[in-house]
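What follows is a group of structures, each given as structure tokens.
Two complexes are shown next, each including chain A; its partner changes from chain B in the first to chain C in the second.
Then we have the complex of A and B:
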């Protein structure tokens, strides 16, 4: 909209939006500000709106880099939790995308399972996770998957499959069938058409879906907190453990951990910002 | 074009990979869907059967026996649940929270979408900033609002400035008010999704019809109520169904902010089931509860989803027609 002439009412709307933005951004601002506050300013009343003594102490002690300041004796540093969380999320995303992409192709091109199968896959998302978790825990004790990486990875892959199938299906639906038909005419086998023609065309879609699924996995808390005890940890679990340790007194550390957790989600979120609506509506909205 | 016989010979001489061999053994579509089927079998179907069995017996992991040696008690778990006020309240509370937050999110999202529909200075910038909250993990959102609403926190300080004196009120441990910070956190996080969906809905409306209405002298108000809103209906329905689906499962925010307290006054379904199932280990009781919730949500969603799927198709046809005109 270059060269648009704005009227006076447009400037009024701009002012309205400045006010709305300030209100909306405040909770996020408060977290960032608290993350950089020195300890004596966390609980002051009236609150310190803008700290004049910003410090990296909170981040350092969360990551276990500060000397002498222990978060609390029972607590380890966040480093392992973050790395383990990353490993689990990335692996689960990979599985979910690989399986989801193939299923989406099969559903989109061959209408496998008619109307029932896509809805059945979607229904996995409709159930409250806690309803699946109890029987899953029973099953996991049978196969020894409690507190194991593969157990959590399989659970994450399964819980995000509805998103990856439906989102990828919406990308594959956009590819004109004629291209694939032309490839078949050229003598390609059906599988070749899938991985040499369709997959390259939708590779942006695959990347977008992967980032979206990664965000979901990285933020997930309920499944992780029920399946994991000691061996496996994720970043959200570490954040929650800061609460149970010394209730309500570690604001700076909580905020610092929150800041670390949101970095990947906000970066990836803005990268795929145009497709967020598509993701959350399971591909129903394409713009 | 090649002649058919060379095509056939090429087919025969080509080296066969694993996938091709699989494709001959099973139809392509079936082998492609297999991985998802296996994962769903492992994570959805088998657990469902275990869950049905659990809900009909009396079993806890602390009993020290396998689930198949447990005593069969029929529907007793279900009957107990329906007579337990705590469960029923958690159930009702979840729907209350869902109703309030979804409608407020919808109104805020639609309002903002209408406001950004016409260009103004900095429109793209504001749109991008306003969708920030939905990129926060729910747990972090809970943490943020926990910090905002504690007795000496910034919210109380702001109220204090307005009232002209120090104001200290412990929102999260107040029996009658603890639920509102939770709702505010939920709305803060998810109005951006409604906003995004409504923007894409408004942009997808057929422009010719709107221009015609303008030329014929319709006021913006009339155009909004008579033309835009009715056409947005299917999209609004999608947005509401999807938000309802997610909010019914709400767990993280409540877990961080109140853990269902004070007492049991902010317990949602998920928090209740988590506490009873995983802290008190009453597995079969909660399995029965899970089935009640499942049946309730399936009933709600079959009523909402059926017209939805039909209407989405219609809507897309309409957009295509609009684009062709």
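Then we have the complex of A and C:
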């Protein structure tokens, strides 16, 4: 093979690509770097691009492992907030996916609600969340859902179901109806066909949707900060609370917390990587 | 042979569209029936009503003397094979074959025995544990057919099952299907728009157009005795030639002649049929390309034509011609492969008297 020859446009393209990559990567880099910086370097000017004195103090502190530091950043360590946040996000994701999948199936296969219902479901996302939150707060006060797990779970499931429905509808639309008809002919009831034939075929789509919904739930801040006070705490809420009367905003601690918040998403993403790679191109039908 | 499946006044309406109109058929036990027609003729809709995937708007479907209109698909004892195979792609060949048995909660050992036995019949033994995504279309359709055979329905419905296969595979599978039907002795209802497939497979063919039954008969009878202009024009590798003609009485003989008087045919022997059924003197002459032959000398019933085009097909040649004074219409005849006339040549042809059809000009009904 002859050596590849680059043309001028290729170089331009490469430079643009590198610039975009830097812009995208930089915030993440800065977070990781800050997480390992000692306190005096957090806001130093000129900025410390690469710390020469990396420390685990920030991480230890938010994990409640720091002993006798001057700053006691939070009343509690990150552990409970992470577990509570995980519980709420995972449960809400399950509900959102289960409800979304069934709704998507009935919309796709039985045209339930005609043209109106799918758009109506989507319209729940057509205005900014902040517009919904105050009415939600009032309603939650009436029903006593403020600062409760179920309250937050219902809110999260409700906010993400439109995504679940629309994403999974497109996956179900791709499954040829003949496959389901064949299963019916071979002795299955309608619901059986749904969970024994259709669901396994769109498994990839379900996992991708679940990852997406989980990320939305796990990193959600606005709803959580509005309807939760003491009992229920999620990871982003804890992150925002990392503040000290002595030192102001604890940027290092916040960055360390950010690092921890990323972990579940990365792990989940890694686990379904195979499916992500296979992507959205599956189709059960050969033509 | 008793009646297996009876359709009574079967009608299906989608909104404004009448997809199937008053269909009446008796299908015998063990018969191979083909539904044939252009797309949109209602053949697939009929099949879907038989399978239970569509509910008839009117009429009754009777299987083994039992009305099954309202029976759900899975309880009908009917198997359906699809054009697109409807293979469960997330399962391997074995799991696909075992699907219906597992749904019925049959014992594992029994499933294994049946699956392996049927895999042998369909030459799938070597690929039982293969991913279905790696199979060829022919093998995929074998898996689909095998799956339905394992289901052991009393009637098989096949919806253009060979349509996605290439020409070679189609002919192979056609043979396999015919043998399978003989082996199983089960009633099969096969939908296709490929008349060659229908002619070669079917015991009897149902020809439909625009939702209505046109003719229901054996392939030979449909070819030789089409009931109307649609069937006459639809069946046959090349469409039938239709020539507008007039009638006259001459010296006690009944003479048929075309508008430009290029030919005259004595059809006195059909006098009875024609006189009793049509009042006017206008008729349509129908003749298949294979029943037009070249005439050597100017015989009484020969006529002169101009050659417009020649298609050399190897086994035979197709000659397109026009009668005198004609343009814009294509007439066809077939000639032996060694006969290759030139374009624009004028030649003499004759219609084989015993093969001509006469059609009512207005109603399109075939009189003879």
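What to note about this one:
Note that in this section the second predicted complex is superposed on the first by the 235 of 287 C-alpha atoms of A that agree within 3 Å, B and C clash if a C-alpha of one lies under 4 Å from a C-alpha of the other, contacts with A are read in each partner's own complex, and residues count from 1 in each chain.
The rule we apply is simple: a residue touches a chain if its C-beta (ideal position, glycine included) is under 8 Å from a C-beta of that chain, and two chains touch if they have at least 3 such contacts.
None of these values were measured; they are calculated from a predicted model.
Look at A:50: by the touch rule set out above, it reaches neither chain B nor chain C.
In the superposition on chain A, A:128 makes contact with chain B only, not with chain C. Look at A:201: by the touch rule set out above, it reaches chain C but stays clear of chain B. By the document's definition of touching, of the two partners only chain C reaches A:178; chain B does not. Touch criterion met: A:270 reaches chain B, while chain C stays clear of it. Contacts of A:187 after superposition: both chain B and chain C are touched. In the superposition on chain A, no contact is made by A:8 with either chain B or chain C.
With both complexes superposed, B is the one of chain B and chain C in contact with more chain A residues. Applying the stated touch rule to the two superposed structures, the overlap between the chain B and chain C interfaces on chain A comprises residues 185, 187, 189, 284-285, 287.
On chain B, the positions that touch chain A within their shared complex are 1-2, 7, 10-11, 14, 17, 19-20, 23, 28-30, 32-33, 35-36, 39-40, 42-44, 46-48, 50-51, 54, 61, 67, 112, 115-116, 118-123, 126, 128-141, 143-148, 150, 152-154, 157, 160, 166, 168, 188, 193, 196-197, 200-201, 203-204, 235, 238-239, 242, 245, 248-249, 251-252, 255-256, 269-270, 273-274, 277-278, 283, 286-287, 290-291, 293-294, 297-298, 301, 305, 312. Listing the residues of chain C that touch chain A in their complex gives 51-53, 72-74, 78-80, 82-90, 99-100, 103-104, 133, 137, 140, 144, 147-148, 151, 164.
Within the complex formed with chain C, the residues of chain A that make contact are 176, 178-179, 181-189, 192, 197, 200-201, 203, 284-287.
Put simply, chain A touches chain B in their complex at residues 1, 4, 6, 10-11, 13-14, 16-18, 20-21, 24-28, 30-31, 34, 43-47, 49, 95, 98-100, 102-103, 105-107, 109-110, 112-113, 117, 119-121, 124-132, 134-136, 138-139, 141, 154-155, 157-159, 161, 165, 185, 187, 189-191, 194-195, 215, 218-219, 221-222, 226, 236, 239-240, 243, 248, 251, 254-255, 258, 261-262, 265-266, 269-270, 273, 276-277, 280-282, 284-285, 287.
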